[in-house]
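Below: a set of structures, written as structure tokens.
In what comes next, chain A is part of two complexes: it sits with chain B in the first one and with chain C in the second one.
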Partner chain A sequence: MGMKAQRALAGALLAPAVLYILALVGLPLALAFVYSLGDVRVGSTGYRFVGLENFRSVLSSPTFRAAVGHSVIFTASVQAIVLVGGNALALALRRRFRGRGAVRFLILMPWVAPISLGAIGWKWILDSIYSVINWLLVRVHLVNRFDPPMWLGDPTLAMLSVIVVHSWRLLPFATVILLAGLTSIPPDILEAAAVDGAGFWRTHFEITLPMMRPIINVAVLFGVIFTFTDMTVVYVLTRGGPYDSTQVLPSLAFFTGVLGSDLAAGAAISVFLVPILAIVAWRMLRVAARAEVV
Partner chain B sequence: MASVETRNLTKVFRRGQPGAVNGVSLVTREGEFMVFLGPSGSGKTTLLRMIAGLEEPTSGEVLIGDRVVTGLAPRERRIAMVFQSYALYPHLSVYRNIAFPLRAQGMPRESRRAKVEWATGLLAIGHLLERKPRELSGGERQRVALARAIVREPSVFLLDEPLSNLDAKLRTSAREELIHFHRRVQTTTIYVTHDQVEAMAMGDRVVVLDRGSVRQVGTPREVYDDPADTFVAGFLGSPPMNIVDADEVFVGFRPEHFLPEALVPEPRVRLPFLIDTIEYLGSERVLLGHLGAPRFGRKRAVSRLSSTLPEEFSPGTEALFAVAESRLKFFDRRTERRCAARSVAWE
Partner chain C sequence: MTTITHAREGRWLTRAGRWTVVGSAVVFLGFPFYWMAITAFKRTGDLYNVGNDPFVFNEPPTLSHLRLLFGQTLFLRWLLNTTAVGIAVVAVTLVLAIPAAYALARLAGRWGERLGIAIFLTYLVPSTLLFIPMAKVVAVLGLQDSLWALVLVYPTFTVPFSVWLLMGFFKAIPREIEEAAMVDGLTRLEAFVRVLVPISLSGILTVVIFGFTLVTQEFVYALTFIYSAEHQTVSVGVPIFLVRGDVYYWGSLMAACLIATLPIAFVYDLFLDRFIAGFTVGAVK
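For the complex of A and B:
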């Protein structure tokens, strides 16, 4: 095959992927930027350029400022929980034991099951009247039967619930990634540490974790993206409530732009996600490049 | 310093299958350099790992310095081990690799520095301290692994084929260094290898293992000159001992004792030798062929001749060779173990 033909074939083979990305990622992103600078509403047909007017009004809105804070708390807490939990699970799953395959499968379940199903299950678990958690707490006399915690109705508890459910959802993914990192450490090295006199914690913090760093970075960066841009759990459990206390940037953008018909403001809110995600993506590429060298 | 003892040590990995190590009882002397030698699958590494505490024995006991350590974690055994892969910590500098066992002991920073300096000075790797393991050559890695092992002055060294990742030339010098090193520190050492040259050159005593059992324990000279059974006879020496079937016994003789008749003193047994090929190896010639007498059924045999001997041979010819009777080793036909010498009447 000639050089030219080869280039043509390469182009043809790449084309579907390029088209797909342009149509489903590039176009919406460009539209979001265009909308955020105009006065578009659901149902309107005109477009008037308003400059940074949308950003000014969004920035001055207390709901938006609160949502930025919620997004940061949500993302950071979920990452912390998922990292610690994923590490513990990965350590447990590295050992050989009877039924390890079944346990691995069960741990993956939250990841493979549709999130809306899982979240609806959680909605019942955390329900104000039928909550099974409260039922249990009442039974063991930890809470008063007539004044049980309102898991989704109290601002602090609602945030906690959203964080826990999203962690539950990301945990399998993090576990699988961390387990891969853990099993890639040669057993010799851990045995050398054992002979050298290191106990579990020293081996874990001075040998295992540093050797897993590249893969932990990958897990964190993916986790940040999956958390920061996600609104499914918030949408199903609390719709951002009570009093916008669990409103995060993606859900606020959705409620403002789609349900509130203010497409321009919604677009402006989602554009605020772009720089943060760009930084994460850039870090991710650098980590990937460095991981290859080691 | 301490001696190492195993009592009836057994390891069975899968129930119902033959054990990797079967009832091994051994005692080292204090300060001894003991070599476990055997082919792959002989259980030598498993045995070492049980002594280190990295593998739990199915039954039997391990004693280090007269203290039963079976069931204790490796770190409670005051041992140091050098792994075949060296197992250096890839994310730590050479200095921090060597200091790691000291940190685990909780030794203060200043004493740590002094210890590391002592160990790196002993192994002449003081200039590598800031490097990472991946920036080191194979020989340097081996020294770093050794430094990490000696730095806390263990009572026993366990070395698992530490030279097998080095190229042939480096291996010879590293072998010599290890011997010097052992003479200086005088620590009881157990060294696992499948390389008989290493075993013969380094060991105070050699333990020959086969399929999980000890076949013979002895000095290099003893295991070579007086093999306890046909396995040891056939495993040691390259080329190994010739073994022929002589009715009620097996008879063995080393290739270097199977010589042209004129060179062999009386009393001797004469054996016609059909030479097939001749390998000229510089300092010696290896003659490969068959025994001519019909009673041996064209049994293969090998002769090793010094190149300084004037005799010339050519492939495809027959020559009259002989072995001094004192050089013949007799093995029981059934047990394949050594038995008393007897006279042979082959002529």
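For the complex of A and C:
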């Protein structure tokens, strides 16, 4: 087959997927920017360009500024918990042992379960009256039974709950990714370190972690995306409350743009996700490029 | 002598450390599912008696929550909706992704590599950035409150990842296999369809499972586009429409969560290593 024919065939095979992605990812993405620069509401037919007006009004809203803070705290805390936990768990699961398959299955469940259903399970665990956690805490006399903690009703505790539940969901994913990195380290390097008398912690920090850098990057990059852009946990557990204390950027965009019908403001809020996405995409490209070179 | 004791002690410590970590992880990650299971079979009186020990059955277990769930709610309908959308989305995904992945793996050379990565990056564009304009697209096409809206939109996240996964599979198959078929007189397209696709069935199956899992997990688009209870999927129907007013039917809710989760968990577990290979973007050899 000639070069030309081959190129034509490649084009024909690629066209449907590329056109679909352009139409349903590219176009809406462009529309998101267009909306954020215009005056559009549900029901109104016209479009009037207003420049950065939406961004100005969004930026001046205290709810929005608080949501930026919540998003940062939410994302950073979840990544910290998931990285430390995932590393520990991956190390513990590295060697084969009896029952590892069953443990792996159990550990994977939070990642595979639809997150809205996992979150509703947690909503029951954190219930204001029937919380099993409170029952335990009362039993061991850590809290007063007449004044138990309101996990989803108190601003600080609600944020904590949202962070814990999202970490619960993401921990399995980080663990399996890190485990893949861990098992790819040649065993003879570790054996050599043991022969040289390096203990567990020294081996871990001076050999294992540096060798796992690329894979840790991957886990963090996906983790940031999955956390920063998620609104499901917040929506199911708290609806952003109490008093917007758990409102994050994606949930605020939803409440403003979809339920509040202010499309322009909603679009402007979600456009604030873009810088983080761009950074992650750029880092991801570097990881991919390095993997290719090696 | 001392080194032996040391080694033994070290091994014991490692083992204790491992079981502490594994034990606490299993409790933290698994507890909600245990809780769903026990809640689903407890009598209502037992559930709502604060004096009862919540970890055990204080009254005999019951099937009434399951009966309520299947008899008087739309749960079964939601399961069917999810399955139907899942099948349609997987079909669309395969039709779009298999040829594209093949072209990128075999025909496109260096720029194929770049286009492949570009397609993969669109997987990172989240629904929470696109839902507002996407609602407009759905409205223009007259698909509001229809499952077709989901069939239209869900491939936006299944196609990029599937192209990426399949590209890896096709690259791993030696070129000689198709070349031999082409020497035997097949055109390149025929060699692809008749030779390469059949030996890539396990890769294609991986994409099927992955696509189906993503469809069952999706929440944001379904919440945005679908208004009526009958047209919901499981992931929105259960947490939003199984709650009446302020009343949570915890027994039925937890049963629904568990029933919707277990089958996908089993299948996903079987294909785990392949998904990881896709996610690690080549950072692990």
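Everything that follows uses one rule, which is that the second predicted complex is superposed on the first by the 290 of 294 C-alpha atoms of A that agree within 3 Å, B and C clash if a C-alpha of one lies under 4 Å from a C-alpha of the other, contacts with A are read in each partner's own complex, and residues count from 1 in each chain.
Quick note on the criterion: a contact is a pair of C-beta atoms (placed from the backbone, for glycine too) under 8 Å apart; a residue touches a chain by one contact, two chains touch by 3 or more.
As the structure is a prediction and not an experimental result, all values here were calculated from the model.
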Which of chain B and chain C A:P28 touches, first, second, both or neither: second
First, second, both or neither for A:W135, with chain B first and chain C second: second
Partner chain in contact with A:V274 - chain B first, chain C second, else both or neither: second
Partner chain in contact with A:L14 - chain B first, chain C second, else both or neither: second
Which superposed partner A:E191 touches (first chain B, second chain C, both, neither): first
Chain touching more of chain A, residue-wise (chain B, chain C): C
Which of chain B and chain C A:I207 touches, first, second, both or neither: first
Which of chain B and chain C A:R104 touches, first, second, both or neither: second
First, second, both or neither for A:A88, with chain B first and chain C second: second
Overlap of the chain B and chain C footprints on chain A, listed as residue numbers: 294
Contact footprint of chain A on chain B as seen in their complex: 52-54, 73-75, 79-81, 83-85, 87-91, 100-101, 103-105, 148, 152
Residue numbers on chain A that touch chain C, as the complex places them: 1, 6-7, 9-11, 13-14, 16-18, 20-21, 24-25, 27-29, 31-32, 34-35, 85, 88-89, 91-93, 95, 97, 103-110, 112-125, 127, 129-130, 132, 135, 168, 171-172, 176-177, 180-181, 184, 200, 214-215, 217-218, 222, 225, 229-232, 235-236, 249-250, 253-254, 257-258, 263, 266-267, 270-271, 273-274, 277, 280-281, 284-285, 287-288, 290-292, 294
Footprint of chain A on chain C - complex, ascending: 14, 17-18, 21-22, 25-26, 28-33, 35-36, 39, 47-48, 50, 54-55, 95-97, 99-100, 102-104, 107-108, 112-113, 115, 117, 119, 121-122, 124-137, 152-153, 155-156, 159-160, 163, 187-189, 213, 216-217, 219-220, 223-224, 234-236, 238-239, 248, 250, 253-254, 256-257, 260-261, 264-266, 268-269, 272, 276-277, 279-285
Of all residues in chain A, those that touch chain B in their complex: 186, 188-189, 191-199, 202, 206-207, 210-211, 213, 294
